[in-house]
Amino acid sequence: MKKLLSIVAVSVFALSANAGTLDDVKNRGFLKCGVTTGLAGFAAPDDSGNWTGLDVDMCRAVAAAVFGDSSKVEFTTTTGKSRFPTLASGEIDMLARNTTWTLSRDVNLGFEFVGVNFYDGQGFMVPTSLGVSSATELDGATVCIQTGTTTELNLADFFRANNIGYEALPIETNDEARENLFAGRCDVFTTDASGLSSTRAQSDNPNKWVVLPEIISKEPLGPLVRHGDHQWGDVVRWSLNTMIIAEEFGLTQANVDDNMNSNIPEVLRILGVEGGYGEMLELSNDFAYNIIKQIGNYSESYERNVGPDTPLAIGRGLNALWTDGGILYAPPFR
Amino acid sequence: MRSNFNFFSDQKFRSLFYQVLVVGLFALGIYYLTITTAYNLEKRNIATGWSFLNNPAGFDISFSPFLDFKSTDTHLKVYYVGVLNTLLVSFTGCIAATFLGFIVGIIRLSNNWLLSRTAYVYVEFCRNVPLILQIILWYSILLLMPRIKQAIELVNGFFITNRGLYSPRPIYESGFSIVFFVFIVGIIASIWISKWAKKRQERTGQRYPVLWTSLGLIILLPLIIFFLLGSPMTFEYPVLKGFNFKGGMVIRPEFIAMFLALSIYTGAFISETVRSGILSVTKGQREASAALGLKPTWIMRLIIIPQALRVIIPPLTSQYLNLTKNSSLGIAVGYADLVHGFGGISLNQTGQAIECMVITMATYLCISLIISFFMNIYNRSIQFKEK
Amino acid sequence: MSSENFQQSRTPPIATTGLLGWIRLNLFSSWFNSILTILVIYLLYQILVPFLNWSIFAADFTHNYLGQQIIDRTFCTRVMDPEIGGACWAIIFVRFYQFIYGFYPVEEVWRVNIVYSLLVIAVAPLLIEKFPLRKYFLYFTLIFPIIAYFLLAGGFGLAHVSTKDWGGLLVTLVLGFTGIALAFPLGIVLALGRRSNLPVISMVCTLFIEFIRGVPLITLLFFGMVMLPLFLPEGITLDGLVRCLIAVTLFQGAYMAEVIRGGLQAIPQGQYEAAQSVGLSYWQMNRKIILPQAIRITIPSIVNTSIGLFKDTTLVLIVGQLDLLGIGRAVLAAQTWMGLSIEVYVFVAVVFIIFTFSMSRYSLYLEKKLKTGINMGAD
């Protein structure tokens, strides 16, 4: 009996002896990345079923860094409720699902936010016909809101602070909330400003909707990984940083090959020509080159997915580089 | 080897062995689960404990007809609101489903072909479409109702909109408590009279008009008192002000969709048990009572239904249990019941998955046990008394 | 008495025979019935005419009233002109592939089609008692799940297709049929366990059954989603679909157990005693004597429980699995098809009715057959 028990114990421990996420990903041959069930500009399947969006680019950048091939990603769709258990259970390697970085999520839920890929804030959208120009005029309105999000808490705080009444209609998914808004079940829809732009873009006539000027919260959205696996956290963090630094140095998909013999030392370090920075991350030295070549820099990804030329038409604002009046800032590649 | 074999073929030893084995495996399983869970919780830095119940929820629940809920209230109060909302839709659903089920069950045995066929089609449709789909379908139909600004006024103070049905709210003034008191006394008196009438009928065979007396006591008498006291009640009418109607009472579309879908779905199942219950009463009973000269409605009420009930009650109990458990599907349309409110939003905002799920499941278990308990008492009271 | 003495019998009055007689007897037998009949006809007219008009006569199928092919909602007659337009079924036609296969890769979809056809071959001999070579086909039914698994998921040279790409009817059928196939043996074990005269085993089974039956399925699904990962050792993850399958199977297993227990209770004590007296062991007795009889008399209830399971599979949409209804909602989320929810829900309802109604007719047929069978035995 004792022997049997020890065999059971050994086999159990053999199963739980867990290699680092990076090794897991490498052995598996593809990255498992969690995204939303569909939010235009951030993660949504296009007509031919390919995932596109800012968060999707984040996943692809990590795949490019690890495999040199940005297509080696399997996307898992997660709801506001399922995203954290999915990441915690190891079903996905990283979560890039417009998730707000908060203290309790970082600490209490046992995750690690590796950076911010979109600075957002919560806003309100109402039908133009209501004639509302400020959120403080919303006394007595019915508000549609996606549950399980920080927006739900911010909303309660905002109305309480301004001492105005409202009726909350908590709904499981963004799509249903949107449907209820369009059906007139509620007057106001609240979520991150980027999400509002996306919802507005999806309506039949965007001019019928107006986004109110108030931004009631800070919503730094970023990719996150499980707490404790620092090696893997570093890989994701520096994949994001690479995209930002690349914009700083003007490295784009088009010109990256021409910069291989640039005279700027940091560019040479980024592209893996000098120094063994990739090896430090246990990646190949050209990991950053692969990201830039296959995904482009942050600006390219931004303009492609959410920028002024897309239906979402979100200006750079806070998401401009620190040198351009924004707060996007990456530590040096050294 | 041989002695071992004999030992094992001893039945007492064998049964003991199996039981010890099961207990052992069970204990091992629990032990193993506890170890892994504790390890996982620590690894993921998830704090456990019940203290989160006293933390402020931080979000609002608008559908809370019994308790006033604010975002500063605790998660414990979210739980109470959820339980009350679950009980509300289950209770009203059970009553409506029972009425519907009995009516449709009797209609299905009607000798009017068209009527019984129509009832049959209803039963088959509603039994064969998944409940959650029916809930969502009802909800999307309700969302097609007029928007708040185009509200349709049915009669004075009653509005139909896609944000719910608005009606005037009665405001009780002093003196109304007397009317209410008379009403309660009327109910108690009616129950007493019906018992007395039954005894008298058993003794002397004379019937007493229980229904009319009860109606008079419960409805007419309080009404007379009400007007004698000079109508101590006024109405607050809903008025469209700003974004929504202010004042009055409102029934939300989330509740209506749940209520309709639950009662229509369960009603279809109940009608089948009612039908088979009635069919279980032998033809001889019907013929014998007809031979005694009873009117058809009396045959149904006095002979068939009381006997059919003995067959109907046990499956009816499980239908009530099913309805209560099915009310958890409110999450599909945003009805703030136990699963959506406490097991959903609170769980999500606090991250206390184990605690919230354990409480939610335990609550459903308790509700199920309570329903079974009362239905068993009722069941015992109507079974044949062996004399 | 001789036959000549009989008078030629008169024909019954016209009003009591033929169609007229039937109508009189069944629809207008009394003034009360006549009123009811007219009322029902009026109501049906009020409901059916607008519905048929909406769903068929005024509906768009692939082209709108201008004759244009419908490629998104803006082409629907009812979006262009709500006054004249009925249902816009084009949403079903355009997204038909997703409703049936989900996001299964187009180049691999032949594998799903094979599974669908094999499913018919696997299920038919199970349902039809006079199926030719039934015994051999039943062996195929047994190994069918394994074949289906490899065909759908990949392996043996077939490309891997993640369950994340499965969807629509495929997920509904996988959940429904696997759930039924697994819940049945689980139900037998639990039912035997509950009736066991070993107190500990009976107690464990009773507790399990009553616990599962006391909570809603959705809490079990949530349990599978948020709590199961905490119970599993690190490094082991379960596929989302598998977790749903576990929850659905446990849930239905408990209900199945109660149905089978009812059958076991109906077996007369004499059968047990007779089996024991000829020296059969517990398992032999159950396998050869008790279970075959118990299952035979409970088959209609088993089919009814299976219908329940089949309908319950829709709940997985709440935990993010894209079954038939889930795909319906995903399609509605697309900007191009917003607002056509009633069409999608009616379509999904019809698909479910096709499956569940035929199952319930089958159960009725079995019930009838069983009754005649027993009566013949009694003769």
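Labels for the chains are A, B and C, by order of writing; each one numbers its residues from 1.
One rule holds in what follows: a residue touches a chain if its C-beta (ideal position, glycine included) is under 8 Å from a C-beta of that chain, and two chains touch if they have at least 3 such contacts.
These figures come from a predicted structure and were not determined experimentally.
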Per Cα centroids, the chain farthest from chain C: A
Pair of chains whose C-beta contact count is the highest in the structure: B-C
Mean-CA-position distance for chain C and chain A (Å): 40
Chain centre separation (chain B, chain C; CA means) in Å: 25
Centroid distance [mean C-alpha coordinates] between chain B and chain A, Å: 43
Residues of chain A engaged with two or more neighbouring chains: 12, 16, 85, 88, 172, 176, 179
Residues of chain B engaged with two or more neighbouring chains: 36, 39, 43, 46, 331-332, 347, 353
In chain C, residues with contacts to at least two other chains: 226, 229-230, 232-234, 318, 341
List of chain A residues in touch with chain B within their complex: 12, 16, 80-81, 84-85, 88, 104, 107-110, 130, 138-142, 147-148, 152-153, 155-157, 159-160, 166-172, 176, 179-180, 183-185, 187, 226-228
Chain B residues within the chain C interface of the complex: 15, 18-19, 22-23, 26, 33, 36-37, 39-41, 43, 46, 110-115, 118, 124-125, 127-133, 136-137, 140-141, 321, 325-326, 328-329, 331-332, 339, 343, 347, 353-354, 357, 360-361, 364-365, 368-369
Interface residues, chain B side, partner chain A - complex: 32, 36, 39, 43-47, 58-62, 71-72, 143-144, 147-148, 162-163, 241-244, 246, 253, 331-332, 334, 336, 340, 344-345, 347-349, 351, 353
Complex contact set, residues of chain A against chain C: 12, 15-18, 37-38, 40, 49, 74-79, 82, 85, 88-91, 172-173, 175-176, 178-179, 182, 202
Of all residues in chain C, those that touch chain A in their complex: 103, 162, 164, 225-226, 228-230, 232-237, 240, 318-320, 329-330, 332-333, 335, 338-339, 341
